[in-house]
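The data blocks that follow each hold one structure.
The same chain A turns up in both complexes below, where it pairs with chain B and then with chain C.
After this line comes the complex of A and B, so read on.
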């Protein structure tokens, strides 16, 4: 409403230069969050640098090692439906398909979502579970940060002033691994009260590898290698699940908010983990 | 009347008359309107729950380029408005009484400037201790929110004092004797939260003064006449100086029945001499319009071992918020509904309404009934469980029927409740239900019944025959999106045996429309429909007079024929058209044909031989619609989240004028009731509403709507109703929380007494039940 100008450069260099030239400017990706915040009067950027014509931010690239690079301007819908994820990488498509509603999924972008780091959003936990890397670009060059290190605090990321999310690199998941995203929300399309993102690899009747991240229950996604390890070698029996779940619940740092109380979030973390493992049982049998 | 061959006649699901306008985005809502030279308004909201206003400094705001006027309470007189108690100024004056209350307003060249300028207004306050709950308000040493309550004008015999706005009591029979006869008594306390109306269109208004000083006001509203009354009362204007009109309305649910920003906008327009438009943001709309009352209900029901209900005692505590608004009505109505649709001989319902330093609470679809229904209908299930009776059989043993009396003593001229129960029971396969079982989920089924009135107060209709025989209908009833323009047109067309597209319907206008109290109380189909039928009958009489003279025959030989004709009975070719009659009336004899009918609902609520009432704000209320709902829920064992998977709604609407619209009202009511039951609650942190946005306050969407939502229309014709019709606007919401609660009990063996039944509450109760067993 108060924003004076908007430009839409065609290259990343021009976009960075424009942001550098105008302090107080903000990058506009899909607008799903930023425009809503502007309408609510929560942010008033002096100018907007729209990224929609920067083609290099849009695509996906399959890497030789089985990894996939996703451009920051990938729409949630594209991530959900049009990305050739394999094995446990699918945790990302499960997460993307549960973001908000079709309208938002057609507009919102991967880069825009993670740069905001709403703890109730669906990508952060899924990216941590997928062991992804965030590709960052700035005036002085590019750098890469693990998803775990990228999400720093409530609505805060490792992005420095003048930097943009260029994309995300999702490494190859273990062959035969299963990805899943279990989300609890008040109504369809709401931010998560709590969520469980995971990659699990079975070897016969026991878990060979696991990577679990909890969303919506603190400032950043919660991942504990110790909790992963508690599941490895087990048959995901209720005892093992509740031990790992309790460890995660104790380590979580949720707050009371209008979606749920902190106590409730701690209570459901182990339960959602158990539910997630039950949900992937059919995939496991098929694998 | 036949009319079955006429396109769009009564009983046909014709599309809305304005469907093209709305689906192509051409409908004009208040936010779409503008006027040459128009200014934009913005409000400054109070940061305090309760404070004395010591001084204003508006100089900085006035100095901002583009600002034309700043309005505060000091600029206005002491005029006060209120549907039941005149306790509210156009804008805060002397005191602020809730966080978010409009305390100053700006008119400026652009909305941006106006919104910036209000932040420059400096107000010095003396903060006062606040009252945040009714219990606090009733305490002996409570701060007094309205020091002059005793002096305020009240339109009913209010029993009030201190922060008590109204105490109302209804009783019949002998309560002590009733409970003494009972073999089993169930007792409980129930709490329900504030629910936001969340009409998709936020409130707004556009006012402009003409050269003579007369004001034209467009606004989002449910009654152009209530707007006129509220603006004129609060600003001290004669009604002759204000014309109130309506654009298309994007939903109301009770939110737009009484005033919002209209008085402020009119004051700004009169002071600046320029058109002023003010549209509330979603957040402002949440914070300063109105919402459903938080309510506490204590309910006690006594039953004999054979299942005969013998006594019920209900005590209601209602949070009024800072201003009376429609609250005394909501209190009285909830007490009238507390017995439920059962022949319980000994009943007492008593309620208190208490001012608090929160936003005003007011009318909302259901008008107090959903909350007492939640208490009463879950108790019926508790009793059924105790007696080991089927909950439906227990209800059938006690329900009211045609000819019985409602609580208070008014006689039910039509009652299709038994048919509703039978239909919902059969359609849901209640007796042989075999619910699908999913691992990790628990399923259950629940039932609840309800009744709701349609009626109240004055209404009118004018029907004219134009020169070419077309018919012009003008009722003053605002179509807020529920479809009354279409339904009233169908009734007019049916009554005169003309096609629907031969009838035009006027947009309400206080200059030209007959009085209509409002689109509220599920009343337009029933009350305005009766006025339409009466006015059409008057037109038919005049048409027949002309026809008899034109064809030189007697009145008894005439008949109304489809297509706008009056013919001689038994002589197929012998007829005159409305066109020919109207030309004669316009140019030669009799004068243009105009029929009108006005009436006010006048059947007493209370029969003094049967019941005693104190402080009841509506001596005449309405006729009754009935409903029986069966719902199936699935509860997630991991989270406690309850989802409604299937629902069967049977509603007795007397006669469905437009069955498609009736089904739409039932479905919409159900989903809004589901939100009230499961997800919706306005949350205050101390005095501040913390979820005034669509991000934080969640209503169910189409994605949350059950895949199977069955509507069953039952038609127990109301003898006085237009074509037998009764109202349907609210009843679809009323039994939903109770039906869902009963289904959750069936699924999980827990009984919740607090809404919303959110996952946290369900899960905690499930854990307690598991530990207890």
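After this line comes the complex of A and C, so read on.
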């Protein structure tokens, strides 16, 4: 069945009403993913509700407590380059800068990417590492879901029919914390074979706080408080890193696909974690 | 795609056999299975709806039991396609029942499934994961239903 109609309302209320009125309709944000899926004949919405004229989904708001609210229609390029981020919040700009290529980063949006929850996408793990909250809006009101709870299963999120991602709230990261996103891909811009997103805070020679999320290795980003705890109090020595990395690799549930085998993905998780720690060493020395 | 797993049901092989060769029982235990109809004592037709997030497909399949050794073994061949969309599915499956202690039975399945067409473009890695979780749900539903009977 072909998609029958597309409308481009100017207000969020009109967009929600249109989605509510037409079951089987889908919200069209930047189109970087949805249009590609439609072209491949994989997704066939009855109608499209384009969000490009809904200005309220665009803004960025600095909160008094150091948190930031990002609108769902924020383009990847904006998140990668125009950085309002402080401390460990920068995990998001590192992730955004590695999504696909400049063309896609100019089109694709934060809300559109996370609503699809591709296991190889870059934002999901970064949002979990940043302990972000997803702001959801529907015909009956708004609700908030932690990033960890938002990603539910392969290509499946906590969004119900008729709901949209309105934005994302990124809480203030610990003062002096460092954010980083380390991605392994076959070629630059491809989906991740596996990725590691993290926020780490050093106190002298040891880690005072850590939050690690693994991407590309299961139906949802993988975060284990136990793995974070294994690094705390250590100097990120190879022993501590390989223990935490192995724990994450064992808990991962990766696919065998054209990019890599499940075994290979499990093998690279500890190595990506170690690499991420090496990459942030200069930032740590500068801090 | 190859699938292999087993589960244990607290029922005799004869009772498990009766249930596992009953299309009505299979349909009620398999999520997304609808409109099952017997074509002959050894073949039936069904619709199977599969969803991975926004990607939705309904296969019309025909299942033919090609070998039966009551109450130990059954082999079937499944062939199907999506309505207007070009995805084809073909599977050869074997079920082996093993008597554990007269009152419980191990059901082992071994299936080789191929999917081609638009869903092939999507990549089979995630579909395999989805099928494995469908297999677990089926096993759990089947176990509960047979043990309650």
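Observations
The rule we apply is simple: the second predicted complex is superposed on the first by the 286 of 287 C-alpha atoms of A that agree within 3 Å, B and C clash if a C-alpha of one lies under 4 Å from a C-alpha of the other, contacts with A are read in each partner's own complex, and residues count from 1 in each chain.
Note that in this section contacts are C-beta pairs under 8 Å (C-beta built on N, C-alpha and C of every residue); 3 or more make two chains touch, one makes a residue touch a chain.
Note that the structure is predicted; figures quoted are calculated from it, not measured.
Touch criterion met: A:268 reaches chain B, while chain C stays clear of it. Shared-chain residue A:40: touches chain B and chain C both. Legend: residue contacts after superposition of the two complexes on their common chain; A:258 is shown touching both chain B and chain C. When the two complexes are overlaid on their common chain A, residue A:22 makes contact with neither chain B nor chain C. In the superposed model, A:184 lies in contact with chain B only, and not with chain C. By the touch criterion defined above, A:116 reaches chain C but does not reach chain B. By the touch criterion defined above, A:101 lies against chain B but remains apart from chain C after alignment on the C-alpha atoms of chain A.
Looking at chain A, you'll find residues 1, 40-41, 258 touch chain B in one structure and chain C in the other. Residues of chain A touching chain C in their complex: 1, 26, 37, 40-43, 45, 116-117, 119, 153-157, 219, 253, 255-258. Of all the residues in chain C, the ones that touch chain A in their complex are 52-55, 84-85, 118-119, 121-126, 128-130.
Across the complex, chain A is touched by residues 112, 115, 281, 283, 439-440, 636-639, 641, 679, 683, 690-691, 693, 695-701, 703-704, 758-760, 763 of chain B. Per the touch definition, chain A reaches chain B in the complex via residues 1-2, 36, 40-41, 101, 184, 186-191, 193, 258-261, 264, 267-268, 271-272, 274-275, 278.
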